[in-house]
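Paired with chain B in one complex and with chain C in the other, chain A is shared by the two complexes that follow.
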Partner chain A sequence: MSVELATRLIDILGGLLLFTMLLILAAGQLFRAIYAVAAQAVFLGIAGAVLAAATGNVDLWIIAGITIVAKAVLLPWLLMVVVNRVHISREIESVMPASLTLILAAGIVVLAFHLNASLGPVRQAITGNALPVGVTLILIGVLVMASRRKALVQMVGLFASENGIFFTAMAVSQGMPLIIEIGVILDVVLGALVMGILVLRVRSSVDTDIADLEDLRG
Partner chain B sequence: MDAIIAQVSRTLAQAVLLVAAGPLVTGIVQKGKARLQCRAGASVWQPYRDLLKLLRKGTVQSDTASPFFRAVPVLVLAATVTAAALVPVLWTPGGGDLPFGDAILLVALLALARFLLAVGALDAGGAFGGMGASREMTVGLLVEPALMLSVFSVAVTGGTTELGLLAARREALALSWTAPDLLALFAMLILTLAETGRIPVDNPDTHLELTMLHEGMLLEHSGPGLACIVLATHVKQLVILSLVAALFLPLGLAQGWGAAGLGLALGAFALKVLALSGFLVLVESSYAKLRFFRVPQFLGLGFVCAFLALALRVL
Partner chain C sequence: MTSHLLWITPLVPFAAALLMLLVRSRRALAAMDVAISLAVLALTVAIARQVQVHGAVSALGVFRADGLAVVFLLLVGLLSVAVSVATVGWMRHEVGRGQMREDRLHWYFALVHAFVATMLVTVLSDNLGILWIAMEGTTITSALLVGFHGDKHGLEAAWKYIIVTTIGISFGLFGTVLIYGAAAHAQGGVLTGAMNWSSISAIAHRLDPGIIRIGFIFVIVGYGTKAGLAPVHMWLPDAHSQAPTPVSALLSGALIKCALFAIIRFHSIALQACGPEFSSGLLLAFGLVSVVVATPFIIVQHDLKRLLGYHSVEHVGIIALGLGFGGPLGTYGALLHVVNHGVTKALVFLVAGDGIGRYGTRDMRRMKGFLGLAPIAGTLLLMGAFSLAGTPPFSIFVSELIVVRAGIAGGRFVPVAIFLAMVVIIFAGLIHHVGQMAFGSAGEGAERGREALTPLLAMFLLAAVMVLLGLWIPVRLDEVLSAATGVAGG
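After this line comes the complex of A and B, so read on.
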């Protein structure tokens, strides 16, 4: 695969990643957000495969495969199980108006692309717009975590943020060492498991929501 | 002079095609929805029969309506048909310098039709007309800027707002989409749903007073006037679909009046419109109508996508 074709494909995949991120942010229902983050992981896996084909880096093939299996199948499935078990309302509640989060997201994208201009030396030929897209995903993931009341949606935000870190790492440094990537993915899976169990336990023992914890006073 | 005559004749031919095929597209969408619901559904020609039936009927008018009310249907149809003449459907512009096909004019004509319809609905003095008009204008307020943004994001690369030139340029590039194009396309698809009055935003099948947007404004019209407005609705839907096709999928446009090129262009146009109607059918069948106060959030997604498409081009 030629470098130009890879750059264009990564560019298009970056656009798709941005779009799925906006879908997560604008989703009104829990299922939609989970589907969107699964789709985002699929695009991330494809991006990994494209980079692997372009650079001939075998590790990237493995990472792309693990990404699709772990993040596009395993984690969304885990979230679905938790959603079905806790019988929460499926509407996503936000601490601020949805339109405001969308405006903030637009601001973040503009900021990331603007900062990108001053990061010239970091940009490499093959990555196209990957760096600002990755930074945008990380920041909007944080925005999702900060602006949503439900722990499950905050987990979706964490996964999206994690996808952004992966995309940045893959595109800018053309893949971290395999052992680190696997370690990071294991961390995410473990974190998701812990959070899922925590949500289930909190729900079953005290029947409260994460947002209610803010009312606690020492 | 010849070039101008050729250009005018092409423009008229495209307008005639869009007006003639408008009801058919609605029929196809309705048929597709019926099939997905495991119903046989009415024939795809049903919208034509409805139009003929309406044309044969007499007109009943509210006592409170002013004489302007009678002119509204014709004006709405005129604005929409003029808009239909501006979309490059079959031909790329060759020769001729008349600015037929300016995107800003196209959006303005659609906005004019919307405005006239709303004024007519308010004029008749019915409660539902006023409510429908107010809602339709709210949706219009959210849709039109986003529509302009996504058109501009394509226009920035071409340096023109002439739709024909933009289509020809993209065809010459062999459809090489970049990330901003994709975002603009997604924005357009979201806006298409709102602009054609389809389900997440409006429900074209209902006359339930609490959910009506577009239909609410039509309640006071009857007979040939209603036929004009319904035809304008069909044409507007096809104009929007053709606009998406012209901006993002301008394949197989013909150069002159040659039979082979023309046949190819017609076939390509039919395929593109069928694909976009399939999108409408799928979305209509798999989503529920949004609560009206949720609509700004849905359209906000379209707006942000369109804004980002433009921002990515400029940055």
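After this line comes the complex of A and C, so read on.
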């Protein structure tokens, strides 16, 4: 695969990642947000495969496979298990008006691309627009987490943020070493497991959403 | 030079953690806990000796110990011994009060050792990716410990802790990726060890300053969240106050210092790549904001452990200030403060745990007459509080003085003035709160039992270090700190 083709494909996949991010941001139903983050992880896996074909780096094939298994199958499945176990309301309420959320999201996109344009020759080290797309995903993920008071949506925001990091990391000079990627994904899965345990424990003892607890202040 | 101790040291508590899952007796678990911690301390001292004799040592291509790592390594080793010893008596008491279920104790001890193991990997890693993985590992293990009691408040604190610090340090990972990308670009391709701090720092002056700046911003926000720097400290007072007391001591004394260690590693790269202004300026700003933000919360606080939590925000701020003032003096002061604050804060948390056990509350307005109930622990509480407030002849006074001198020498008069004003206010607030707790006569409900030997033993150990470092800095420690200052770019 030629470098030009790979760059174009990465930019298209970057566009799809941004699109799924907007779906997460706009989702009014919990399961839609979970499907969107799963779709995002699939695109991320495809991006890994494209970069593997372009650079001839075998490690990236493995990383692409692990990404799809862990982030597109395992984590959404874990979220679904928790949703079904706790019978929470499936509606997502935002603590800020939709218009403000969208303005902030647009601001993040502009900022990220502006930041990218300010960089010098080092930009060559990163394929296509992977850097601004990564920054955008991370920051919109934080926006999702900050504007929703529901534990599972906050987890979705976190996973989407992490997808942004993985996307940039793959596109940076042939990706991070395989062993590091595996360690990072292991941490992500273990972290998600612990979060799931906490959500379930709160449900079983006080029957509220853990993100709704706010007794600790001052 | 290669040293196998670098991977053996974290492996020991990790293997012990797995082994502990099979043990059911409280006495056996506590004995293992102390024995393993002593072994860890011995191993860290052995590594310190090697570094002193041979200079930096490495292992497996991803681990490295240099002067900087040794400072944090010794702190983690010392605190894990003190906390293990204190846990013996504390645990007996908690089980007696019905606060801890005897059938879940093996999980508690195993998690503590897994937590210590991840902290050891953090400070021993050369590879910045491994550093990140270990750092996230500390979150996963300690979040379970924060929510260990399983009550509503504990779970709320654990949730806030894991969600805030996980998103926080994912910023740190992004910063790491960018800096790694810059290094790979400068080398013209990925070479072996391209993610290692030692190889990135060797070519740091050739790195593209633009991308290092963006990377460092992500790193300081990310690892700064974990270190408890304001304004990204939201998780800290909750987690520190809700965690079981020995865990609070480890969180405050050791864990947030490990996050600072990561920041210092990146700071030394940024110093060479972007010049002295950029990363020092950011550290200065974060440090000053932390000291200022913590002050009002310390004044109005009535919850003893929350008070100590906010106090950690202040002290992390002071360390960041020292690094921000920079130069050999500021960096040396900051590193000395890492040790002093770690030891003193762990001591005060252990004393606080004793007090909370006696009164059954954390509200300082209902904890009168502690000196009368527990004369020895009460005296140690007063000593610890005066040290935390920065009074001579205790150790924190010395490191704060060095930081202030570095600020004045650097001509940073406004930050120094703000810092000193806050320290005075905090002094008044802290001594008021602690005085209220120490003096007066205790109410009917308070437990008047004899002071147990084991928490006291641990407290004496920490108090001895605290007093000693206030009076004079041993030559060995001075050498270690000077070497660390050199590594940190001071």
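Rule of thumb we're sticking to: the second predicted complex is superposed on the first by the 210 of 218 C-alpha atoms of A that agree within 3 Å, B and C clash if a C-alpha of one lies under 4 Å from a C-alpha of the other, contacts with A are read in each partner's own complex, and residues count from 1 in each chain.
The working rule: a contact is a pair of C-beta atoms (placed from the backbone, for glycine too) under 8 Å apart; a residue touches a chain by one contact, two chains touch by 3 or more.
Given the structure is predicted, the values throughout are model-derived calculations rather than measurements.
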Practice task
Using the superposition on chain A described above, determine whether A:Val172 touches chain B (first), chain C (second), both, or neither.
Solution key: second
Practice task
Could you look at A:Ala26 and tell me whether it touches chain B, chain C, both or neither (first, second, both, neither)?
Solution key: first
Handout entry: Residue contacts with chain A in the superposition, chain B compared against chain C
Key = C
Exercise for the section: Please indicate which partner A:Val202 is in contact with in the superposed arrangement: first for chain B, second for chain C, both, or neither. Expected result: second
Practice task
Answer with first, second, both or neither: which of chain B and chain C does A:Arg85 touch in the superposed model?
Solution key: neither
Practice task
Considering only touches as defined above, state whether A:Asn129 meets chain B (first), chain C (second), both or neither.
Solution key: first
Exercise for the section: In the overlay, answer first, second, both or neither for which of chain B and chain C A:Gly15 touches. Expected result: first
Exercise for the section: Using the touch rule from the top, collect the residues of chain A that touch chain B in their complex. Expected result: 8, 11-12, 14-16, 18-19, 22-23, 26, 28, 98-99, 102-103, 105-106, 109-110, 113-114, 116-117, 129, 133
Problem - chain C-touching residues of chain A, taken from the complex the two chains share - result: 115, 118-122, 124-126, 131, 134-135, 138, 141-142, 145, 151, 154-155, 157-158, 161-162, 164-165, 168-169, 172-174, 176-177, 180, 183-184, 186-187, 190-191, 194-195, 197-199, 201-202, 205-206, 210-211, 213-216, 218
Problem - Contact footprint of chain A on chain C as seen in their complex - result: 127, 129-130, 132-133, 136-137, 139-140, 143-144, 147, 150-153, 155-160, 162-163, 166-167, 170-171, 173-174, 177-178, 180-182, 184-185, 189-190, 195, 208, 210-211, 214, 237-238, 241-242, 297, 300-301, 306
Completion exercise
So, in the complex, the side of chain B touching chain A is made of residues 176-183, 186, 294, 296-298, 300-301, 303-305, 307-308, 311-312, 315
